[in-house]
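See structure below.
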């Protein structure tokens, strides 16, 4: 089941640089694990923004929430979820 | 070069049914040609909307505009274009 | 899988009264069939609006889109879909 | 009398971790008491958000305000209240 | 139980003048009956708008919806409902 | 001359508790004095919000501004002013 | 008593040209009468818009509503009213 | 050349009271100098807001920017600029 | 004096095709005359929209309004005007 | 390939004055290097705002993102990107 998700990141200026670096590194590992397992199908940077557009392919709403809630950057993100279906023109 | 594009369709209620059917058919053929050529990489339906989220891979802004302007449903669409770049976490 | 859906209805003033009455009647039957089958779990009127808040319990995004797209009043509705998950405080 | 209520939680980053944990625990107990008494009929998590959609069944506006104002997380919430009525298509 | 209600009227330009005059007259009588019965406590014009701010005092959400749905101008109105409670500073 | 005024209060979390309590008490006294003098005709709590809807009856715009600017909670409020006139349907 | 008023005009494309010309002429005369009497203190065009910003000096909210409601172009306008007071820095 | 300018002031709560008082005093002097020279034609308080509506009459865009950028309160303001032209109905 | 102007065109579907073609041709000639005279410095198409971003260099607000008001497509456009000044980083 | 970019700057009040001055200086040098190389074609100040409108001419979305992400003021900016194409009326 597919979902488009937009994530906008807003890291507080006073975040400890070590915490910051470590959190961003954990985010990357977390994302890549899910990309390898096939649930995080695509991730693109939005030009000029600290933001991404992603496509998820998950078994359920519950699973998508579990993934997003677990993002190391979750406390610093605004997230927008759009449920997708197959399009009749898709080949 | 990648772009996310959202298209919301609003067909006028008084559109001639034959014109309507013919226009929707042309839209489908137009989209499928571009999917086959590789420029229209993905198209998904947004659940509960007469809308789609698409990913385009084109050589330039000019080419993307040419494609969108030529959509048979263009006069009935609201279109939103988001330029994309590769994401450092993408595998 | 649960979804909250808000539907705002805007019937055109010049809709043929017979078509109008017949469409509203088909909408009601369509909704009640899905309520009986268990997929349309709740429907409430929003006070002062020609609108409803509904809760759907469906197998997939695809199924939800199929249901909403098939609503007799779909061409006259604005629809907003919110995917839900279980809440840790729910008993 | 039914109301749909959406609550968006925004806990300050510098909230004392003990206060935070204790407040979230009190919120949970507070909510479950009202679920058991029947006034808080439903609570669902919104996918990808620190938010919920809830349905309340209360005797009056006064009672709903008393419940919401008393939420342990009230100072950290944005709340949206939608009064509901029975829908003519409901079975 | 109190509610603030804002009503914005948008009469179509091509409405038959007789229908228009008759509908506005019925609206006035409908409103005055409810003012006399005590359910429609206040009605004020918003300066420079074809709009009003009203205060209703009704037994339930159901009753408020019944009143608003029955307004002769309902098909031409945008309505916004705000549930009210007593204020601790009110004397 | 009547005005509808909506006030949304947002007290900073780090406000000294004594200052907070004292400011809220002064606000209450300030409001009740004006209610007694007849200039602050109504005040209602908005359900689920730290907000009120009020009706003022003042001699001029100048006087309304003087009252609002002098509110002890003014620095913590967002205020929206709507000028009112008598409604032709009012009895 | 001063008010800033913004008026945005949207004349329907199918308005009879004679009616249009005559209405715009009546609007101009109506405005100039009130400018001469001193109640309509200023009127400026907004660059690139069929809109104006005006300053009114009237005895009451009632009078301002009477003036605006009577504008020949009122049915085709969106109007926004901002009550003004004297500014402590004004000389 | 005329411009309508709206300025909304938001002084930080933790601004040093001496700095605050001194900045507001400098703002007043700055404004009054420009009123005397004729470039700042009008300034009105918006009722219930820490905001003003002003009319400037300047030689160019450059000059208007120079004036606004130099406002002692500029760092604490949100500013909206509307270019004006003469109105055909103005007398 | 520079201004950024965004124009969004919305041609009515029922516009006579001959009128449409003739109006678009006049718009093009009108624009090119002003480009040649140097007042309309740049015009770019916005990708995926029937819209443009333009830069004007004019003697005054009055002149800019005269130009925009005279656009053959003016009745079908939404226009947004942003006054510009020289930037201290510009070379 | 052309893009219109709007940048709104919001420097935190508590930014160290030396850091502030040094960052603004680096921003200026960074911008001027790109103006000289031809990728940053135009930069204009928006009147009354700490904002600019710029035109970029770059080889790809990737390159534009690289430039914007590298801006010394990037952490303090809100950025809006609009892809442009050539306009059929441009001479």
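Just so it is clear, A, B, C, D, E, F, G, H, I and J label the chains in written order, and each chain counts residues from 1 on its own.
One rule holds for everything that comes next: contacts are C-beta pairs under 8 Å (C-beta built on N, C-alpha and C of every residue); 3 or more make two chains touch, one makes a residue touch a chain.
Treat the numbers as computed from the prediction; the structure is a model and nothing was measured.
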Going from subunit C to subunit E via touching chains takes a minimum number of steps equal to 1
Equivalent interface to C-E (more than half of contact pairs same by residue no.) among B-I, B-J or G-H is B-I
Across the interface between the identical copies subunit G and subunit H, with over half of residue numbers shared counting as same and under half as different, the residues used are same
Rounded to the nearest Å, the gap between Cα centres of subunit H and subunit J is 27
Rounded to the nearest Å, the gap separating the Cα centres of subunit C and subunit I is 43
In whole angstrom, the CA-centroid distance of subunit A from subunit I equals 40
Going by residue number, subunit H touches two or more other chains at 2, 45, 47-48, 61, 64-65, 81, 83-86
Contacting chain pairs, sorted by label, are A-B, A-C, A-D, A-J, B-C, B-I, B-J, C-D, C-E, D-E, D-F, E-F, E-G, F-G, F-H, G-H, G-I, H-I, H-J, I-J
Interface with subunit F, subunit H side, in the complex: residues 13, 45, 47-49
The residues of subunit J that touch subunit B in their complex are 1-3, 60-62, 64-65, 81, 83-86
The subunit G residues in contact with subunit H across the complex are 2, 4, 27-28, 31-32, 35-36, 42-48, 52-53, 55, 82-91
Listed in rising order, subunit D residues that touch subunit F in their complex are 5, 12, 61, 64-65, 68-69, 75, 79-81
